[in-house]
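Heads up, the next two complexes both have chain A, just with different partners, chain B and then chain C.
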Partner chain A sequence: MTMGEIRRAAPTRRRRKSFVERTIIGLAEAMEQSLYAEELAHTDGLLQKIDPRVKVVGMLALLVAAALSHTIGVILGLFAGALLLARLSQVPLRTLVGRIWVPVLLFTGVLALPAIFTTPGQPIAHLPLLGWAITAQGVSGATYLITRVETAATFSLLLILCTPWTHVLKALRVLQVPVVGVVILGMTYRYIFLMLQIARDMFESRQSRMVGRLTGPDQRRLAGASVGVLLSKSFTLSNDIYMAMQSRGFRGEVYTLDEFVMRRSDWLALAGFALVAGAAVIVDFRF
Partner chain B sequence: MTDVVFDVQQVTYRYTADVTALNGVSLTIPRGRRVAIMGANGSGKSTLLRILDGLYFPTSGQALAFGEVLSEEHFQDDTFAFAFRRRVALVFQNPDVQLFNPTVFDEVAFGPLQMRWPKDEIRRKVADMLDLMQITHLKDRSPHRLSGGEKKRVALASVLILDPEVLLMDEPTAALDPRSQSQVVDFLVGWGGGAKTVITTTHDLDIVEEIADDAFIFQGGLIVAEGTPAVLLRDEDLLRRTNLIHSHRHAHADGQLHAHPHRHVGHDHE
Partner chain C sequence: MHIPDGYLSPSTCAALYAASAPFWYVAFRKITRLLSTRLVPLLSVFAAFSFVIMMFNLPLPGGTTGHAVGMAVSTIVLGPWGSILAISVALLIQALFFGDGGITAFGANCFNMAIVGSLVAYVAYRMIAGRAAISSPRRVVAAAVAGYLAINVAALLTAIEFGIQPMLFHDVSGAPLYAPYPLNIAIPAMMLGHVTIAGLAELVVSGGVVAYLQRSEPGLLKITAPGAVGEGDAEVVQRGGWRVARPLLILVAVMMILSPLGLVAAGTAWGEWSPEDFGNAQARQEIQAGSGNVAPPAAVPPGLAQVAGVWNAVLPDYDPFQSGDVNIQRIGYVISALVGGGLILLSFLLIGWVAGRMGRG
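Right after this comes the complex of A and B.
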């Protein structure tokens, strides 16, 4: 029987992906997403041109303004501002939809849904069959929650997508976030990719020697063993890294070098962020 | 000023009660010599380098650097530790271990920052070093995005910026493509103009004569031979006994099968 005949004789039903395959795909996707974010951070968009410190402060101000707002118009205005920034920074709409809007809607929706029925107030409709009352106050509360979270998450994603991660870390350092915390974040980011690579190699090597599907208990055993091996490797790696640090003079104190220079355009951007965030707070306070 | 950089006397190092990496090793490394330490995997080469770099301390025996004992007590003293770290540098076999900073620039600046050099001087020297190693274009890149050869160059830059007197290299050509290997060898041949001490562990016999004046062969945590690379590399029996060369059956172009000991040179046989 030739390979072609074997393939034709095989059932055509689409095979459900195994645990190992799904893990490999997940690890590859995680690495691809980080590569995509790094590429986007180096494109020639509006946010990409702004000093990282200004972006961190500015986005934080907008995020706080959205979180504090009690006026739906202000929140939607900030959301529209986020969309404009995304457009001017060449961040595709589908990236926002896939990475933030849909996951946030699902997650926040689960939290907000019971409030539609349980918040006391004016009933505006009843759920068919169950007859539960949907209250105006409940709908309003859920809308505020979802729009606030969507807006805040969009600002955060824009910051991450339009700034190389290393610059975000340096900006945090400049903004007086404790150095040790920033260094730990940086090393975590650095080594998470190495561990992802090791994990992917482990799963691929297992996949290359496997035929058929694993049973549930076998999948759990495989996952447990893989976690154990990764933990052991990460322990060895951390010892070696510490020695490499010692070898170059590390004595427990962290010293850093910052190289950011504020230009006129950065001061303008900072003023722009402050103006929009301030305006949002004032308008919200007035109405 | 002493002309001996390292003086290792009867050093034994045990990882656990059952695992002995070095078993009574004694050797002397004079200043300005280029030394190769050869041996198969697990022969104790890397452990010796870590002892010479003051990262491990002997279970018994003693190791001296520049006439001073390398001990945990000595490294508690900041003055001694900084002076030693300034003079001796180690390039690890796995560059991923050594490249722990978010960017290449930060990586090269790490050593000088620990030495508390003035920041302007650090910026200038890092730029010069990146230029020298032809990696300026990588300065804002994260080390995990680099190729093996690029990582090795960054690892070298990160220790050379301190202008050490002694360079310890652990398997510098391991897992590198031929072009990157030749760049590393060219560097080792040219670095320091003969004034620096370079100790390289390797089981890549093809680079030994180029990078070393003296050589030691390790096996099972012991020195089994020492001499010039030219003499040691001619001793086929010694190399076979220490697993540095091997015999296997293979076919030649005329179809004849036979076996003889040989070294690998790229993809060809000698």
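Right after this comes the complex of A and C.
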């Protein structure tokens, strides 16, 4: 790098973050989010006390009920139910707002907005200046999409935030996921954090040795090489893990400890989930 | 690209779960037989790798950044069946723990990205790479194009799944219940982002990784390179496949632009005459000129007249942009996607070259 290039690269004002920095931030955020979920899963709320199998089946039933609904009132009713569950499970409102509602509204909202003009139907208003017709069907369609996506995302987040991940994985057995699938998922989740750490270390070490900015082609070469290094590290890692497993007696069969026991409160909770999901479907069907 | 819950109807989700199930079953059987006890650690770590690279911010030509799915990378290194399983596991973890992609839409996301994406990447890579040596720049081009095609086919499938929702699922007033845009809006809207940013991200990561592995770990490229000709081209390895591959990439871009233009170009391709051409004086002249000055028969050959009606409504005159037929419009989108992709690829390569020259100057 020449002196001129170094001088040009000197940060005199707030500069745009390089792809290396942005990747480091993204990887750190993923780790942070997951640690927060683990912390919240161990608090003393309503959902946290329920058997994970009941939660997985119950939340899935509510998700399907929200997906099946043809009435905005029913979707909003389910959304209110999700809010109540969040409150009783000590999930802070700002977590829901920050992690789900605002991102979903920004993405799905922007995506759904043109539909109010493009959907054919009965015009209810016209846009000033442009004269585009807003149709009743367009507004309904956009509302269906936004409320449904918000409700479904809230249920999914509640399940993740109120259940330790090991329990979520074991609970997948009730959905007939094979044991080996559950073990692979569990190990994947565990090694994601190691890989995130390795990737972050790689980018940080590169960042700390870098002066100025890389050119576009160099950045792309660095990105390709980083993925390649990570790839060869994963093969080495998987060999090490395999040898470690073999030395501990692994012969190909996998088992999980099934420590879940259904209590009376769990049966009650299951009935509660079934009742709400069933009621939503029936009300929707009648209207 | 990751479809969230609420965009697809439960019946579409169920159909796509059902469509994915046989692929998962076959992939699982094949990989278990191949890897035996190594299955669990290898698949777990590779799924974790797939997850992590989906989070990378990849620098793209033109200064922007994008995320890749890594379908071609997984396929080239693990083979298509291993890739199907690894990406499916990564997608499930994303849906379950990170809220990226819906739980009810998991089958659809797997079908589009893990299954179709991996298979398209595999076919494209094998076809373009042929029997080229492991260190050949042709493999870099093959990987880059495989990644680009895989993500665009996956995006097209996603757009079709979105686009059929308002046709099939609406309330009594006609308001769409799920994704609200019909095919003629969903397909161009979806393809625009993927032909450009997302496609380029996939292209950069696929080509870049293969170029890197050629230099440092060529052994990892052997699974999907049976019959590759012997090594010995050490110079290519030293120079780096990416740079050597650039002229080939330009050639691919030019071909992508020219091939669809060839289809819509003026005149009729030899042998692709319609019954009407035999009655048209100008068309008769063209046929004669292109057939070694042998005059075409005065009347329509009876065989052609008989079979011409069997298949005449799908692509009349390759004139997709002026037709009201939805099928033709769809073909038109694919053609425009290819032309657009090639143009963008070429223009970014040009920008990169000019920027490089200016930077050196």
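As a working rule, the second predicted complex is superposed on the first by the 264 of 287 C-alpha atoms of A that agree within 3 Å, B and C clash if a C-alpha of one lies under 4 Å from a C-alpha of the other, contacts with A are read in each partner's own complex, and residues count from 1 in each chain.
FYI, contacts are C-beta pairs under 8 Å (C-beta built on N, C-alpha and C of every residue); 3 or more make two chains touch, one makes a residue touch a chain.
The model shown is predicted, which means the values in this text are computed figures rather than measured ones.
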First, second, both or neither for A:T166, with chain B first and chain C second: first
Partner chain(s) touched by A:M187 [first = chain B, second = chain C, both, neither]: both
A:R251 touches, of chain B and chain C: first, second, both or neither? both
Contacts of A:S156 with chain B and chain C, given as first, second, both or neither: second
Touching partner for A:L230 - first (chain B), second (chain C), both, neither: second
Between chain B and chain C, more extensive residue contact with chain A: C
Partner chain in contact with A:Q90 - chain B first, chain C second, else both or neither: neither
Chain B versus chain C as contact partner of A:I241, first or second or both or neither: both
Touching both chain C and chain B, counted on chain A across the two superposed complexes: 165, 187, 189-191, 194, 237, 241, 245-246, 250-251
Parts of chain A lying in touch with chain B, wherever the complex brings them together: 38, 164-166, 169, 186-187, 189-191, 193-194, 237, 240-241, 243-251, 253, 255-257, 259
Parts of chain B lying in touch with chain A, wherever the complex brings them together: 50, 53, 55, 78, 81-82, 85-86, 89-90, 92, 94, 96-103, 105-106, 109-111, 113-116, 119, 122-123, 140, 142-145, 158-159, 162
Residue ranges of chain C touching chain A (in the complex, touch as defined): 4-7, 9-10, 13, 36-49, 51-53, 55-61, 63, 65, 70, 73, 77, 89-90, 92-93, 95-99, 102-104, 166, 170-171, 173-181, 185, 204-205, 207-209, 211-213, 216-217, 220, 242, 352, 355-356, 359
Chain A residues touching chain C - in the complex, by the definition given at the top: 19, 22-23, 26-27, 30, 33-34, 37, 60, 63-64, 66-68, 70, 99-100, 104, 108, 112, 115, 118-121, 136-142, 144-145, 148-149, 151-153, 156-157, 160, 165, 168, 180, 183-185, 187-192, 194-196, 199, 215-217, 219-221, 223-232, 234-235, 237-239, 241-242, 245-246, 250-252, 254
